[in-house]
């Protein structure tokens, strides 16, 4: 059995890792860390995870836990993750980092958007961006995977076939995302208290959300030239899911059916991508609890604009599910192991 | 007291008209019609409207109700409204039509998008588009007002100062709207049942929503040249509210503060428009139950894009509140009469 | 104009007082206090209350604000309210206390349930319990009114006619209440964050909720003998409203219709009580934003049990609306002034 | 592989059976029936169940499907199930009926509450009530299992140890249940449309809900004497879950800890029952997607009342999960096969 540690396991993504891995036949959880909840049981924080009744949080002491696990999932805040990841990586462990610290390949861009220096540039160079549909091979050989952000996952997967096949004018891309409230994390914050969020809808971090450079990095790599995008995230009154609506001016091909074919071909062998039939569009409710990214698209002929929409579960494909997918690739397990669940509906 | 009839008063907009007008000191409701609910009390359909316990629905027989009212609000389905509006209008009554039948000035456009012929083109020519911020004077002299659609209200009010002042490239406009579920109307439809909508989020009517030509008609009139827009509506799990996020390429001015000034000047005397301070953005939760349109904006300097967001209550400013505003203008009542309520929060 | 101060005006009940009083023609708000938010505008905390843009929070310095107002609403935490209320009361001001500090007439009971001593027993003796349906006359002559708790309001109003008319065995009363989440107050508490509450339902404070002695005090007074009740509160995923289901063994009369008549007679002249017709039951959604208490009841003949259900808006009839009602009574204003609104639906 | 048919597979319980059985290693679905949706794919009705893309609904023709399956799940409306169940049962098939048609052993009681005659009393006598915690042995030998109702499941499991151990006065039982809206089924009904349910809370079917005799039948059997209960169901704005609060007068033992011990002993070997520690109470959010029944309890010493609360997922333990548990028992599969999932949270 593969021994797994989860550092920072008191939040929603940590809890989701525990939930997924409970049904993974090759894995056993040996360490969960939390500073605030050290000494408590997992079930004190997650009454739903009753099978972990005997698993106790401990403080994140890298020396103490080094020998207790083979794979380390990092669900720490941005900035805090840097040194811990570097430590385990240099000790030869396999590390999957759910923070943003190793996602941006250009240190300057990281420091500009996150306002902290990056102190481990050598390690950063070894990190592979963990979007398996783009980097499957590299991930399977990597020791350090930077798990993508939730918004970038839905946005890049939606735009990848269009940008790769040069279907759209890449200077015209608009990305409008709507996230469930679990995306804000598990925290005591008036802004995310029930009565402030419920029956509300708002945009936030306009023109400055930190997932912007991550989306741009990957789209630029696909296009082979620098791309800038306009990205607006919104917070919506539901628990899980990100719905992303994307707009780009079409170049030559302007037929919905034909473009759907491009998408289907691109993702033909992907176990977690579902390109929907013409006239069919996704709903976050249908992918809840799954590792899927569902994609729908249509051409707006009157404005010669391609509209692409994607739906993911932000805690699964947007975070912990994708992290387990990456672990499966790194360890040579079947890709979909522990990630087979269909959506819980309603 | 002004005698008011509401034709089609069993849906959410009809109920909202009743709720608003209950506090209007110059008005008395004399007629409510509903085919299905004829003979029932208003309180049978709207237990909240308990003060209307003695008001009984009757079938819509134009001859019977003609003499019972001075002003007729029409909350009938599109297509059905045409002839009824024409009848009351030709009889010299004041008519406020909440359907789409008299909104589009070009009959061809109407017939193309609504798939029914328009049989009353003479009357159509007399109709004034009831967006008071654009047509206040005409409305105050009109006998027939076509109350704007809910999406067009939030979109046009957000884009008007930018288009009017030639701040943006009008070929680049993208409008992404998120509506509460009451926008779908009050009906027995599995698609809008609780467990299908709750915890979900989806786009619908992509590239073909009927509010598109209404938005284009008004923006074209403002710009003085034909404009086409890309418009995508979404349905979200809350009762009331439309949040609209708009994107357009900037022309010359690229300073958020300066553009906010343009917006503030444009709407300086508008009782129901609130242009928010820099860095502040609206939330549908804060305008619930009000006739306000709140507007926030920011320049995305990296992509030279103006992002404008608006929040309205779709049943108030997006329908019945705006209709009462129009009645106040037509009758010479104070504009804000019965529309003074601040938002019910939380 | 009557000058009004609201001490502790940053929470939901304080915000609701501001919203209600904005439409009160006899009142002007002169003081709002908040320790944490001193110096901020009301609109910084309540974007919905835009008409109070120029009203600034100040710290609660009793000396500074004494002369600025005639009526003081106290929306402070339990325990903190005691001395402030006492100060203004002894200075001859009219005080309406929304905390629990002056509700329980027996000091021992207060100290047992609230775990703090009561230091102002002289003032306590002058306080009138502010349930207007029971104490209208006393309230109209009072200088200090202890506004009832939210749960007690729905429970006492539901049971009053049954207990008063000796319809039920008072040793058998079970009260099962379901509250919207705004009842927990406006605070940064993980337990009340969106993703913890949404899609959940739970009981809390079982067998020990502090509203129990308040319900018992009033029912005992009505019955003329000590009564104990079993009371269970629950928290539910909606913003506003308390739904209370009450059970008691019937004594003699066992006919639903006849008991409804008793209830109708008891509340015949009450502007805010609606006893519903046989077979009709309330829904918190229909009283949202109103000062109503709606009551439905039925006899379960098979078990000889009377089932009474009530619905109120916890922030209105359960707190701030009732407080304004009390102010109207104390000042001789029409009872329903500023409290006329019908329910916002949907 | 065991061949399984689901008759009436277009509703929420049918969809849930499909979702659960997709991960059952011993089962293959060979037939799904629906009159309205005959010819459609499962994915047309349940986009979440994408793995069933090639499974097509067919009309319920008993002759056509008889040989296609070994086990028949019946998710038909009450009354319609009678004859179909009888047919398959007499043909020697194993039948699990999710309707109420074979739950009530006394035909008179069935006919009184359901207002239809029972035409298959011989078959009725062979039916076993499918609450596995009470009838495990009988179920394992049965060919016809009547799967319990959702409310009875939560109520009987909560009361069973108390009634069995004679802890409470069985004439005093009050059962107050709060159900998520999926309990109303999947249907186009205005009453259950989003805007009517959301932000609301109400009781329904007071003193006359059809699950009452089912609860009484089982509690009477446990007690060895006739018991009547007062049962009130409520509908709440969440998708899944039933929370039941139960009240009964205590007899001798009045210590919470001791009673919890009784409960723990009673359910010591039950894989799906969790008796929570003292001071801990369940939340429907923590059992969502699981087959668990979580139980908390406390003694209200002041009124000598035992308060028991249970939480289940109405579609799992309250319907389809319990049905699969029964199939596992009938077929000799491990009890928890396909039912191991922990709660999806948040």
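Letters A, B, C and D name the chains as they come in the text, with residue numbers starting at 1 for each one.
To be clear about the criterion, a contact is a pair of C-beta atoms (placed from the backbone, for glycine too) under 8 Å apart; a residue touches a chain by one contact, two chains touch by 3 or more.
Here the structure is a predicted model, which means the values were calculated and not measured.
Engineer: Counting only C-alpha atoms to place each centre, which chain is farthest from chain D?
Structural biologist: Measuring from the centre of chain D, the most distant chain centre belongs to B.
Engineer: Pick the pair with more C-beta contacts: A-D or C-D?
Structural biologist: Spelling it out, more C-beta pairs touch across C-D than across the other pair.
Engineer: So how far apart, in whole Å, are chain A and chain C when each is placed at the average of its C-alpha atoms?
Structural biologist: 46
Engineer: Could you grab the centroid distance between chain A and chain D? Build each centroid from C-alpha atoms only and quote it in angstrom.
Structural biologist: 37
Engineer: On a C-alpha centroid basis, what's the spacing between chain C and chain D, in Å?
Structural biologist: Roughly 38 Å, centre to centre.
Engineer: Can you list every residue of chain D that touches 2 or more other chains, as numbers and ranges?
Structural biologist: Touching at least two other chains: 12, 182, 195-196, 198-199, 237-240, 282-283, 285-286, 288, 346.
Engineer: Residue numbers of chain D touching chain C in their complex, please.
Structural biologist: 172, 174, 176, 178, 180, 195-196, 198-204, 206-207, 228-230, 232, 234, 236-241, 243, 245, 247, 281-286, 288, 296, 298-303, 305, 307, 309, 311, 346
Engineer: What residues of chain C sit close enough to touch chain B in their complex?
Structural biologist: Interface residues on the chain C side: 12, 15, 19, 22-23, 46-51, 182, 199, 239-240, 274, 282-283, 285-290, 292, 340-346.
Engineer: Which bits of chain B are touching chain D when the two form their complex?
Structural biologist: 12, 181-182, 186-190, 192-199, 237-239
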